[in-house]
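Per-chain residue numbering starts at 1, and chain names A, B, C and D are given in the order in which the chains are listed.
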Amino acid sequence: MTDKLTRRQVAWRLAQDIQDGMYVNLGIGMPELVANYIPGDREIVFHSENGILGMGPEPRDNEADYDLINAGKKPVTMLPGGSFFHHADSFGMVRGGHIDICVLGAFQVSSAGDLANWSTGGGGVPAVGGAMDLAVGARRVFVMTDHNTKTGEAKLVRECSYPLTGLGVVSTVYTDLAVVDVTDRGLTVREKVDGLSFDELQSRTDAELLGRETCGVLNSPEVG
Amino acid sequence: MTDKLTRRQVAWRLAQDIQDGMYVNLGIGMPELVANYIPGDREIVFHSENGILGMGPEPRDNEADYDLINAGKKPVTMLPGGSFFHHADSFGMVRGGHIDICVLGAFQVSSAGDLANWSTGGGGVPAVGGAMDLAVGARRVFVMTDHNTKTGEAKLVRECSYPLTGLGVVSTVYTDLAVVDVTDRGLTVREKVDGLSFDELQSRTDAELLGRETCGVLNSPEVG
Amino acid sequence: MIDKTVASLHEAVSVVRDGDCVLISGFGESGNPTELVHALIDHGARDLTVVNNNAGNGNVGLAALLESGNVARIVCSFPRSTASHVFDEMYKAGRLELEVVPQGTLAERIRAAGAGIGGFYSRTTIGTPLAEGKQRRVYNGEEFVLEDPLHADVALIKAELADRWGNLTYRLAARNFGPIMCTAATTTIVQARKIVPLGDIPPEAVVTPGIFVDRVVEVPNPVSEREMIENGVHYLGGRKP
Amino acid sequence: MIDKTVASLHEAVSVVRDGDCVLISGFGESGNPTELVHALIDHGARDLTVVNNNAGNGNVGLAALLESGNVARIVCSFPRSTASHVFDEMYKAGRLELEVVPQGTLAERIRAAGAGIGGFYSRTTIGTPLAEGKQRRVYNGEEFVLEDPLHADVALIKAELADRWGNLTYRLAARNFGPIMCTAATTTIVQARKIVPLGDIPPEAVVTPGIFVDRVVEVPNPVSEREMIENGVHYLGGRKP
């Protein structure tokens, strides 16, 4: 069994693709890890859809202020140059195409870049939050996810079976096994972890994968 | 010949109908006179559509600041409690029904309260400004105008012949001869200047006037 | 003279009537007008529709309002949370109608109501179940759905500073839904941490101009819903004073 | 590192290309980016569409840009003024296409473009000649017309303070069209009276967040168009430096 990347390693790998000066929205949960691995020479402005630009790191415990929280409702800090604005202005930024990259989790991503990440379609309480706005609004949507579910099912699928969050919105998927770009021809593997054959990767994937000849090695250092 | 009111007297009369605490937009030109005649015990918040609430009186000459101008592009001052906001927010206030009274000039007002005040329909350069927004948005539109044009034509008409600014938007017309309310039944004279018979007023008016039995005297003191 | 300040929370919410639609500011712990919500529970208006980003936590604030049985319908973007048991149970029991609206669409619908916009087109929800039944428009080669404005009878808002004209500022990210909700309700009721003399808020620093505000009550030391939940507080509602 | 400041007006406007749609901030004397407009004349891009509330005064700023012959079309709410002779003559001579848009609709169309709104419904113009040909909607018993967003390639904006991230404040009522125009252009170019260190503008005081701004040039003592007109200044355009 090939070594999968840890979630932190996936976050590290994704962070390398965020360029200096970009405006980035990190979804709630796993995507929040990405902030820890931005290369030190890059200045990134983090957006939180509740109305913040320029979020800094978590506060020390005794400095938490619950009027200064991110979309995941966790206390954050402000960097010099940050700003506050109301919800309509914040989602104007999102829908208006001003956010360079949004990082989201996913239940499924299809060959066409369709994203399903808000509902597994069963009963329970429906809840969508800002995911649909971010999915259509961000210039690029990066998905960060395990390659397979805990029960081994593929998350990169020919067609999403779960209700969609957005249609053809995903640019790139970062999994614990591979970096996969959504292209006009379909899902193209850019990198895969060392020691994993293309056929093995395909066998763990429902969607057809392209890039057999061109894909490189997915390297990510041990990160804490 | 009956004594007409001066423009300042019309402004005075109109000002008496602005209640304490109201948010008021005064159109460019003659309506601006109204600000001078608000009874001293009433606190009125004046809105200027370029992005001001809480305008105060004209500045002294040497204190004019051309970053602080009203919609007529004349220097103004700010009262304590005033605020600045951008154009979309300002017209959101207007369209959203937050302005209690807007005072506008008019070429014509119809029996149905239609307003024509932006174009006489001929050639020349079309220019509309904020008049159409104010006409539909303000809770009440007060029109301040001479009863007749300089050439004696009626301004209160059965149907406007000039291009409309707004449809059925006028609440009350304050002229140099009368105060006329737009009601469901038509134009109803509330007050007319002393010594002017109802028939004389009707003869100066194209629209049918109601209120012959009920109208009172239009009193306005000599004002400077 | 304009004086929008009122002496008590009870007086502030006394205008709320049975069947009203009530906007409630806040996102997570920040910007919740908890004292006003509790006063609304005490006031007792029934059959309410409430609009908030979430659906309450623990047994305080919005969750306590739901638990009071006075809410028939809730409009929100994300009702689920680790402490949303009041909502969860009522929803599953069919005792609460739910309209889920994407967060940005929710904000824009509220803003549209305040700005006299009779509907707008958004790409959000295209291709999703939430777009079903909505009117479409193709503009510039892209597909949009029509969304309606969301008008309300009442807004309950938490602010930082206020003056007697109703001008408001907000603290840090507690601004969230406050400024737009103030514009969209027939009656906007604000709890402010401090009421300052007119003119103390510079005109450039006013976030919500007083034109959008009807009543202001000072609540100098607002409670923390998070701390109340940690301490097991269960707001059951008092009597009208 | 993010540094949106540029050293010269010439460099700031160098991105403008033939055929671009250019938003120009300002209302009356307040908020006009006169130095940027003059730099645009010098830059020489042709066949422009310009959007401003008015159509210029005297022979400076926007009026001088019209006079340069580089503008094919103007979108504004009120082109007439006592000193709009450049516009008047060109319009009457058929050398300038004009689209007149009500002021509030103009503002909202710009705001819609920046906020990803693919059209909105307004009651403004109902019953008037300006509503002709527009799609209608009846909502809540009232009639509305459909208005399109107004996207631009470039915005030229005058601000008060700026920092290297592009955060902006505005002076008094010079705010007018600035904040919305910043959001609606592919490239937003700002002249600020002062560029301050990052962090000098408190996060609550930022009016335009830097996300909407691409280039900032410091113009410490901006000219007054009013004074230039009083002094008979006629800006004829220089050469590219």
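Please note the rule applied: a contact is a pair of C-beta atoms (placed from the backbone, for glycine too) under 8 Å apart; a residue touches a chain by one contact, two chains touch by 3 or more.
As the structure is a prediction and not an experimental result, all values here were calculated from the model.
The interface with the greater count of contacting C-beta pairs, when A-D is set against B-D, is B-D. We define each chain's centre as the mean of its Cα atoms; on that basis subunit B and subunit C are separated by 36 Å. We define each chain's centre as the mean of its Cα atoms; on that basis subunit B and subunit D are separated by 30 Å. Separation between the centroids of subunit A and subunit B, computed from CA atoms only, is 56 Å.
Of all residues in subunit B, those that touch two or more other chains are 84-85, 88, 91-92, 94-95, 137. In subunit C, the residues that touch at least two other chains are 108, 111, 115-117, 122-123, 170, 172, 203-204, 207. All chain pairs in contact, by the document's touch criterion: A-C, A-D, B-C, B-D, C-D.
By the touch criterion stated above, subunit C contacts subunit A in their complex at residues 27-31, 53, 77-80, 84, 87-88, 91-92, 98, 100-108, 110-111, 122-130, 170-180, 207, 224, 226. By the touch criterion stated above, subunit C contacts subunit D in their complex at residues 108, 112, 115-123, 137, 139-140, 142, 144, 148-149, 169-170, 172, 203-205, 207.
By the touch criterion stated above, subunit B contacts subunit C in their complex at residues 20-21, 23, 43, 45, 47, 53-54, 78, 80-85, 88-89, 91-99, 137. Listed in rising order, the residues of subunit C touching subunit B in the complex are 1-2, 111, 113-117, 163-165, 167, 183, 197-199, 203-204, 206, 209-212. Taken together, the subunit B residues at the contact with subunit D in this complex read 48-52, 65-69, 73, 84-88, 90-92, 94-95, 114, 125-133, 136-137, 163-168.
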